[in-house]
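Each of the next two complexes has chain A plus one other chain: chain B in the first, chain C in the second.
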Partner chain A sequence: MNGRGQIILGIVIVAAALAAPLVFPAFRAQIAMLWIMVLFALTWDILGGQTGYNTFGNIIFFGTGMYAAAVFQRDGGFDYFPGLFIGMGLGAVISVVLAAVLGSMILRMRGHYFAIATLGLGIAAGEIASGWNFIGAGSGMSPPLFPGAPGVSYIFFGYLFFGLALITFLILAWVYRTRFGLALNAIRDNEDKAEAMGLKTDTYKIAAWMLAALFLGLCGGAAGNMLGFIDPRDTAFAGATFGVWMVLMAILGGKGTLWGPVLGAFVFHVTQEILWTHLLGWQRVALGLIIVGIVVFFPQGILGWARTRWPERFGHRVETP
Partner chain B sequence: MTEQLVITGVSKRFGGIVANESISLSVPQGSITGMIGPNGSGKTTLFNSIVGHHPVDGGSITFEGREITRLRVPQIARLGMIRTFQQTRIFGKMTCMQNMAISDADHGYGLAALLKPISGETRDRSEALLDFCGLHSKRHLLAGDLSFGQQKLLEFAMALMIRPRMLLLDEPTAGINPTLINGLIERLIRVNQDLGITLFVIEHNMRVIMNLAENIHCLAYGKLLASGTPDDIRNDERVIDAYLGGH
Partner chain C sequence: MLDNLQLFVDAPFLLIQVLLDGILFGAIFAIAAYGMALVWGVMNVINIVQGEFVMLGGFITFQLTLWGIHPLFGIPVAAAVLFVIGIGLYYGVIRRVVDKDMFISLLATFGLSILLQQLMNQIWGGDVRTAQSGLGTWFLFDYTVTIGQIKVVACAGALILGLILILFLKKSRLGQAIRATAQNPRAARVLGINTDKVFAATYGINAALCGAAGALVVMAYSVHPYIGLPYTVRSFMIVIVAGLGNLPGVILAGLGLGAAENFAAFILGAQFQVAFVFCLLVVILVVRNTLLRHKRKYLK
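Up next is the complex of A and B:
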């Protein structure tokens, strides 16, 4: 897709996104959830796709943001909106610091070792949260009630998540055009070579993870408020659902591409919502089959498949005279 | 001539295998220095020790007077000593131009420097060096789609993009179409003379190394067997024996 095509597509999506909650009032909650999914996939892809470091632990930044905002709203003594926004900021800061600390410990591991370490971190985070009384332990936390009718809350959060997803997308679109983006791709393609060329690979990997943590922390803070209830294992550190979905959505759409995670989130979320209503009792089985289908038939994702099929449309030249 | 790289008594073992045994040699500033030896004689291992790929079991290495024995790979690379790989390493899913752009070290390696769009200057220099290596028409192709020989040339162009002070080249002509080898020798000499880059070259092809290097070190069974000018090496009994016996 050329630059102009992308801009036109972008404008269409933004217009549709702004109109959607008003045109389909019955689907406001699902629409808001869709933008959370887009955020999940986009942020996962920074390290998982662009850098080639599969992580199953990004959920910890989402959960951390969620709890941090809720605690600040509970103890900060602010009105709802200032409390929410400062809480989200606080959650983002803590998530970014956490990414820096954990990243400097485990991002030196390569390949599967890193993936397994992140899986462990995600599980540990859920266990810690469900044993910590300050944040409600196993019985979770309830963020303050949204001032206004329930329907309005979904409009507000729907636009908030859309705005957040849009900003994340634009920042990543810019980052991937810089030499930092190239450095991440270089690590993905051959980390030993990247080191032999003098690149500070550890620094870049940690920075990439911090970037993902920033947006996930903000997202988590707002998500807890929209959902109205924080459960340590089922909403905050939901590794088996959200944590796996972020990986799947990015792979489905095409990891390591800018639009792939967005596309993957759309396809996954819509499919999943349809399954949820029509396959009561069988959703998990259907979801499992989808996962197998994605990995077997679309290992490169939808965009990856399209790119091998029509390389010229993606700006890849096969041969130049 | 001053010695740019000095290796003193370097040893490296892998389990029971002694890959390098107390090797001492030096590479003069601005020279083209060669290293030959039969398969498995420890040439690549010595390169790996120099660039910090693995810790050595003994000895010391200095580069431009600085002790580098314990530094890690990226730190040594940032001092201006860049190696290429025998098995050729490039960034396969990136275009040749992107491979070149990420090799540009003019603004350093800090995050702030990297978080800038690729400059016109970087692009111009990339094109010029790809042209120098005969890859200009391939510049928008994915590096992984190039032939092995072309990847080897790309790796060389990437190394030049860094503006290194010394290049360690591990068999630069291996896998390159024989008709292109003379062109490559010419380029290596130009890089050395015009850009003043010291070259330390591992080479299997005797004709190539004899035409290229002003002094040559020969390894056998992990030990330094002989050092000298191409003529010395050509006529050295031990070298002749090692090659006839080793193959």
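Up next is the complex of A and C:
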């Protein structure tokens, strides 16, 4: 896809996204969730796809943002909207700091040790949150009610999440083209060589994780308000649902590409919304099967598959012998 | 928290109680950990589904008690059933990811663990289950320290299983093939070992070990569809601390972990026990990494 094609596609998607909540009022909640999913997949791909550091634990930033915003709204004494936005900002700041601290500890590990450490962090965060009375422990927290008619909140949050996802996408599209993005790709391709070439790989990795944490923190703060209830294990630090979905969506779409996670999130979310309600009780069985299926039979993802199928469309020159 | 620490000073026998409980619990971790080390060393796969195998072994034993069979028979039955399941999973899934990037196999086994969790939840429901073995309790030191006899039986069973495994790996033909494959799969293939079958057997044996461990867990403690992952993480920690293929180390690390965890649960409160396990995982990984870096500096 060339640059102009991408811009046209982008305009079409933005127009469709702006119109969607008004055209399909019955699906407003699902549309808002879709943008959260896009954000999940995009932020996972910064470290997972572009840098080659697969994490299971990005969900901690989402949950941290959610709790930080809810606590600020509870104790800050502001009106709804200032409280929400300051809370989101606070959540993002705390998430970024958390990413810097945790990252400087565990991002020095290589490959699968890092993956398992993040798995541990994600679950530990959920367990700690469900034992900590200040944030409601196991019975969770309820953020303040959205002022206005019930249907309006989904329009507001739908556009808010769309805006967040769009900003994330644009910033990532820019970042991946800079020296920073190239450094991340160099780390993915061969970390030892990248280090030998003089790149401060640890710094780049930590910065990449902080970038992911920034957007996830912002998203989490608003998501808690939209969902209306924060459960430590099932919404905030939902490792077994959101945490796995973000990995899956990025891999399904094609990890290490800009559009792949977006595509993966669309395909996954739409399929899930259609099928999920019919699978009552068997959803996680289906999720397990999907994970195994994608990982075993389709690890290159949709875009990766398309790239090998039509290499010339992606700007690769095909040498004919 | 400080009140709980004060309790140790007021009542020193509690120290013995907590320590004994922890050590008896830890022996079971060691079994699952040895299976994980086996799969990791031979196949280079980190098996996240380990904990679910343990839970499944427990549920199978629980099912036997529903049919009126004594749970001690659950140990061989669970091991046999899990062996078959392990072989099946190997040929269905694991075989296709063995030679790929380690993260692929990590994610594949993670998918399997989610699948098994929910299947167990559908079959046996989301309640905590135990199997009554009908054994009594020993009282020590004027009734201040209590030990469930079944816990001692479980601990002894775990040690015996470990011994059987060592003998199997050292003496039997298949055990030798497994060790050869672990050392160098390519050379093993050249010398006529069917590594595919060795991998299948290794994975099956691992599952069987976990099943037996699960039977011990359900008798001495309890099982639940969603508490498998802590067992996986415990096995992983033990393997990291003890190293691959070091059985005495695995058993020691297992006992130590059990004791540490029990003390943490007593001091911090039981609701933080799982959080402690996962935090300890991160700490162990960080420490390991720092030590490795330190070593590398000397080499430079």
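The rule we apply is simple: the second predicted complex is superposed on the first by the 316 of 321 C-alpha atoms of A that agree within 3 Å, B and C clash if a C-alpha of one lies under 4 Å from a C-alpha of the other, contacts with A are read in each partner's own complex, and residues count from 1 in each chain.
Just so it is clear, contacts are C-beta pairs under 8 Å (C-beta built on N, C-alpha and C of every residue); 3 or more make two chains touch, one makes a residue touch a chain.
Since we're looking at a predicted model, the values are computed, not measured.
Q: Which partner chains sit in contact with A:192 here, chain B, chain C, both or neither? Use first/second/both/neither.
A: So A:192 only meets chain B here.
Q: Regarding the shared-chain residue A:278, is it in contact with chain B (first), chain C (second), both, or neither?
A: After superposition on chain A, A:278 lies in contact with neither partner.
Q: Check the contacts made with chain A and report whether chain B or chain C touches more of its residues.
A: Tallying touched residues of chain A, the top partner is C.
Q: Would you sort A:313 into first (chain B), second (chain C), both or neither based on which partner it touches?
A: neither
Q: If you stack the two complexes on chain A, which partner ends up touching A:108: first (chain B), second (chain C), both, or neither?
A: second
Q: Residue overlap on chain A between the chain B contact set and the chain C contact set?
A: After superposing on chain A, no chain A residue contacts both chain B and chain C.
Q: Over in the complex, which chain A residues touch chain C? Could you list them?
A: 54, 56, 105-106, 108-109, 111-113, 115-117, 119-121, 123-124, 127-128, 130-131, 138, 240, 244, 247, 251, 281-285, 287-292, 295-297, 299
Q: Taking the touch rule as given, give the residues of chain C at its contact with chain A in the complex, in rising order.
A: 46, 93, 96-97, 100, 102-104, 106-108, 110-119, 121-122, 229, 233, 236, 269, 271-272, 274-275, 278-279, 281-282, 285-286, 288-289, 293
Q: Spell out the part of chain B that touches chain A in their complex, as residue ranges.
A: So the residues of chain B in touch with chain A come to 51, 72-74, 77-78, 82-83, 85, 89-95, 98, 101-105, 109-111, 113-118, 137-142, 145, 158, 162.
Q: Once bound in the complex, which stretches of chain A touch chain B?
A: Checking each residue of chain A against chain B gives 175, 177-180, 182-183, 185-186, 188-190, 192-201, 203-204, 207, 256, 316-321.
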